[in-house]
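Next up is a structure, given as structure tokens.
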Amino acid sequence: MPEDPARPLLELKSIRKDFGGLRAVDDVSLDVPKGAIVGLIGPNGSGKSTLINLIARATNLSAGQVLFNGENISDLASDEVFRRGIARGYQEPALYFKMTVLDNVLLPVKDQRGEQPWYAPWRRYWQGDEAAHAQTAVDVLAQVQLLQHYDTLASDLSGGQMKLLEIARCLMGRPELLLLDEPTAGVAPKLAYEIFQQIARLRDDHGITLLIVEHRLEILFDFADYVYVMHLGNLLAQGKVDDIASDATVREVYFGD
Amino acid sequence: MINIDIVATAIAVLTLFGIYSLMAISLNLEYGVAGVPNFGKALFVSIGAYTAGITYTRLLPLLSGFEVIHPCGPTMGGALQLRSEIMATQPVAGFINLGLTMLIAAVIAGAVGFALSYVTLRLKEEWFLALVLLVGGETVRIVVRGADDFICSHNGISSVAQPFYFLDDPRTSSLLFMLLALALALLAYLYSERLIRSPFGRMLKGLRENEDVTRGLGKGISLARAQIMLIGSAIAAVGGALFALNTGFVNTNDFVVTLTLDVWVMVVLGGIGNNRGALLGALLIALMDRFTQVGAIALNMSGSDVEFNYVRFIAFGIILIWMLRYRSAGLLPESRLTTGAHDVVRRVLEK
Amino acid sequence: MPPALLTTSLVNTIQIGSLYALMALGITLTFSVMKLPNFAHAEYVTAGAYAALIVSLSGVLNPLVIMAAAFIVGALSALISQLAVFKRLEGKEVSLYTLILSSFAVGLIIRYILFLMADYFNLFDLRIGIPLTIVFRDGSLILSNLFAWVVPTSIVLVVLLTLLLNATPLGREMRALANNVNLARVIGIPVERVKNYTWLLVGGLAGVAGALWGLQTAVHPLMGWGAIISVFAAAILGGLSSFSGTILGAYVVAFSENTVMLFLNANFGVDLAYKPAIPFIIIIAVLLIRPQGFTNLIRRAGDLQR
Amino acid sequence: MITIDGLTAGYGKLEILQDLSLTFAEGQFSAVLGPNGSGKSTLMKAIMGLNTIFGGSIQLRDRELIGLRTEEIPRLGIAYVPQRENIFDELTVRENLQLGARVLPKAERPAALKELLDVFPILGRRGSQRAVTLSGGEHQMLAIAIAWLSKPTIMLLDEPSAGLAPAIASDVFRILQELREQGITLIVVEQNARRALQYCDYAFVLREGMLVFEGTAEECLQDEETVKGYLGVHESARL
């Protein structure tokens, strides 16, 4: 397919999600342009996390379409979505807590030769690849300042380190688009700022596009290019950061003006 | 006092250890490493045993140029005699038959395990898989027990023999059989150690820890689960074939839920996720089995009425609960085995 | 199929189905309140049967006394397994497989203690000694006093249990625990105490089921274990959550094991040796095709009535 | 009434509340405000003994609550309405209410249930329905009613208006105001600060697990810019 430079990387077209009688996401359409940092905000229960789950195909859509690079990914399984280039972080860090930091980041590397059970016992067949992946992991871990902890069990990390490890783990899959669900939840304020600095570097150095659910608006507003506001499953407002920060609707949902 | 033949006891215990090791390693791969709750271990073991029952009565005579005698009912004695004759005079046919038995058993059990793992995809709750496998094993057992021509329904089939039957000295032949069992166990151990320390093993551990996340990281988890069920089931079936050769007959009553529990106890006792733990568990249960037999004889000879076998099961239950409660990681907890990537990183850091 | 056989098998269905219902309700109750698929449940049945047998051997032949003894022994074995094993594991956030495994272990211990006892006192394959009399005879249909005891008692117990669950504060609290244990704590329900009562009730019913069962067949340490899969099949047909579904499930399993099996045997020559496979097939089919069992069917009917 | 002193609490190893000290006064309608993740719900759960306490004390009229089991707390007159899963949805509405009243002495229960219908008339008509069939607003009313039936002196509510349409959310707050007029001390966690300040007397603003502002509703509204800053909705927060 010829690539249209104007075409957004991710397009949501009227997506909807019902849980039983509850409509968690109602007719939401939004675009994420290539190379942008896009924020998704809204009060608790407004459907932000559900939206992330829908894009990553962790749950099924009730209606609508998700287009990635112009391809309809609404019917793919979550492993296929990852392999297309969409990685996601979780609100509660979903690490492999009983595995080391290094094993955590090596697992998502795509198409590993040693992952075929028939070849797995023959070390020689995959050892070279594995060493190369380990080199990549060294770079990625160094970038998030976890290299010294490569042999630590993930459960022994601090909350902030867990968040960073999760981002590092996503990076190893070489994603084009990274979905992050509250990357600073449960993290001290100073560290939260550092996490966002790391996130900005992903865009600047690696060209990764980001869609971030975040409740620390003041930090998000420092880094995001564009912001969508959700409320009760609907898209309430959207715009550039400056417009959104002073937008009456945002103040409405957060403060009740 | 009773005389215990130490050498014979040691051979018996070690043979049992080899057979149990195969079963324990297979469950450790499935549950310990990949987190698949195979409560149908008896089914896969029994597939190996039933295969042996059939090959030794139908295939063996063909291999050595005889007509097959129906092994059930009135012709049973004739079939048994024919088997003895072949096994004593044509060791090569015996070995070929053994190899084919293991191959067929592994293929059938592997295919069944592969197929059954896909059942999980349809199940509402994760533990239903445990129930389906448990119940599936019993169903197969009942069907086999009901089928007259298969392994002679509830009478079982007794025309199975171990491959060194042709040797004159029974002690040498059982010693060689012990070595065969131990060699196969060692092979399975080395193979599964390598598997665990590979990227495939890492993916399985990821599957165990968090299925959804692993899928979200681009891994085809249904296939991985099916593959490990295939491998585990094939190993268990080889264990089952050896089990049949060791006892000399195949009877459906040997493959009840208790056998599954035995294997689980081995893994829980030794250490979930640790192959050496599985071996230790297998050894302890093999010893326990043997000493129960010796103890039962000793107890009876001392004039006591108490059935020692019952005490064995009670002790079994208590050990299991005690382990689950106080040492849920087992005697040898899982080690942090890795692929060698850690060494690469360590070298980079040292530079 | 000859009509005489049909009537007999239907009588069996009612008789066995009532017993299955008593046992399966216990499984459903333990699963929904305690979130535990308890394979040791079978052993409470056997323990109750032995209690009944011993009381009857001691010369007491009043069925009510016999059943009371069975209730007490069954209830105590259930409570002890909770206090000594399950409760201690629960606090450690262990996996469900650990709990399943431990319930197997508890069952093993009780079963072989009973074996030891039966062996020592020579209590294998004895029937509970209530003399057999025929209370009804009409052509081929013969009903003994056992039928007169077993069926009404189990039906009365099932009704009482349903009333207890639906119309008493304790039953309400049990269902509240099953529905949302955190909220139950928050509004001040003494969770541990309600759980203990549930265990007593579950074990007691299993014990009585054992006694009733021992009235019609010989008592053996394996009798409960032999029925556990049929009982689980009934509970699974009830979706492991619905009590009315479980009762219906119990009769469906009993019907398949008796009437359907005889029908298959008479019309298609299916060997009766395959009878034990029926509950297994039911379980696999239900788990694969309709894991919620009868739950929604019954609920829909119930909602329509309102 | 409830005095919290130096409380550090969270989940597992995670410390969310950091050395928090504050006092909820008797008879007041207090609101706990703050952005997501600021520790509002953690505070509620800590009072109810539902999470990990690393240090500090929580006292109800000089009685220490830390160390009590969750089920003992309602007996001290504290009722709690969680944000989610706050009704027994498989049981009927009537059974939910009966469970709510179970802490009361037997003799007082019928009167309490009768009185309930004056405060929550809608629930009377839904008595025999399974609670799962209720609408969002009715659901929330039932949750509050369950807590109210234990005749508490203090009620804790975690975002009682979350996910409700604005008109219904206001209904919920009107009910809360009625309860307050009955003399019940109310502590409400709320995201919509304006709505909360419209009804409550006193407000606490949490941020990153710490108390950053407290004052009467009037003070909050007068100092609105500061409060908004803490809530993270003001432009100045970017500077």
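Here are a few things to note about the model shown:
We call the chains A, B, C and D, going by the order they appear; numbering starts again at 1 in every chain.
Methods note: a residue touches a chain if its C-beta (ideal position, glycine included) is under 8 Å from a C-beta of that chain, and two chains touch if they have at least 3 such contacts.
Keep in mind that what you see is a predicted model, and the values were worked out from it rather than measured.
Fewest steps needed to get from chain B to chain D, stepping only to touching chains, is 2. Summarising the inter-chain layout, the chain whose CA centre lies farthest from the centre of chain B is D. More C-beta pairs touch across one of B-C and C-D than the other; that pair is B-C.
Chain D has its Cα centroid 33 Å from the Cα centroid of chain A. One simple way to say how far apart two chains are is to compare their mean CA positions; for chain A and chain B this gives 44 Å. Looking at chain D, no residue sits in touch with two or more other chains.
Residue positions of chain B with contacts to 2 or more other chains are absent. Residue positions of chain A with contacts to 2 or more other chains are absent. Chain contacts in this assembly form a single closed ring in which each chain touches exactly two others.
Taken together, the chains touch in the following pairs: A-B, A-D, B-C, C-D.
On the side of chain C, the complex with chain D involves touching residues 169, 172-173, 175-176, 178-180, 182-191, 303, 306. The touching residues of chain B, when paired with chain C in their complex, are 31, 37, 39, 119, 122-128, 130-132, 135-136, 138-139, 142-143, 145-146, 153-154, 257, 261, 264, 268, 305-307, 310-311, 313-314, 316-318, 320-321, 324-325, 328.
Listing the residues of chain B that touch chain A in their complex gives 191, 194-195, 198-203, 205-206, 209-210, 212-221, 224, 227-228, 231, 336, 338-342, 344-346, 348-349.
Across the interface of their complex, chain B is touched by residues 56, 58, 77-80, 82-83, 87-88, 90, 94, 96-100, 102-103, 106-108, 110, 112-117, 120-121, 123, 126-127, 130-131, 133-135, 137-138, 147-148, 150-151, 153, 169, 173 of chain A. Of all residues in chain A, those touching chain D in their complex are 43-45, 159, 182, 185-186, 188-189, 215-218, 221-222, 232, 245-246, 250-251, 253-257.
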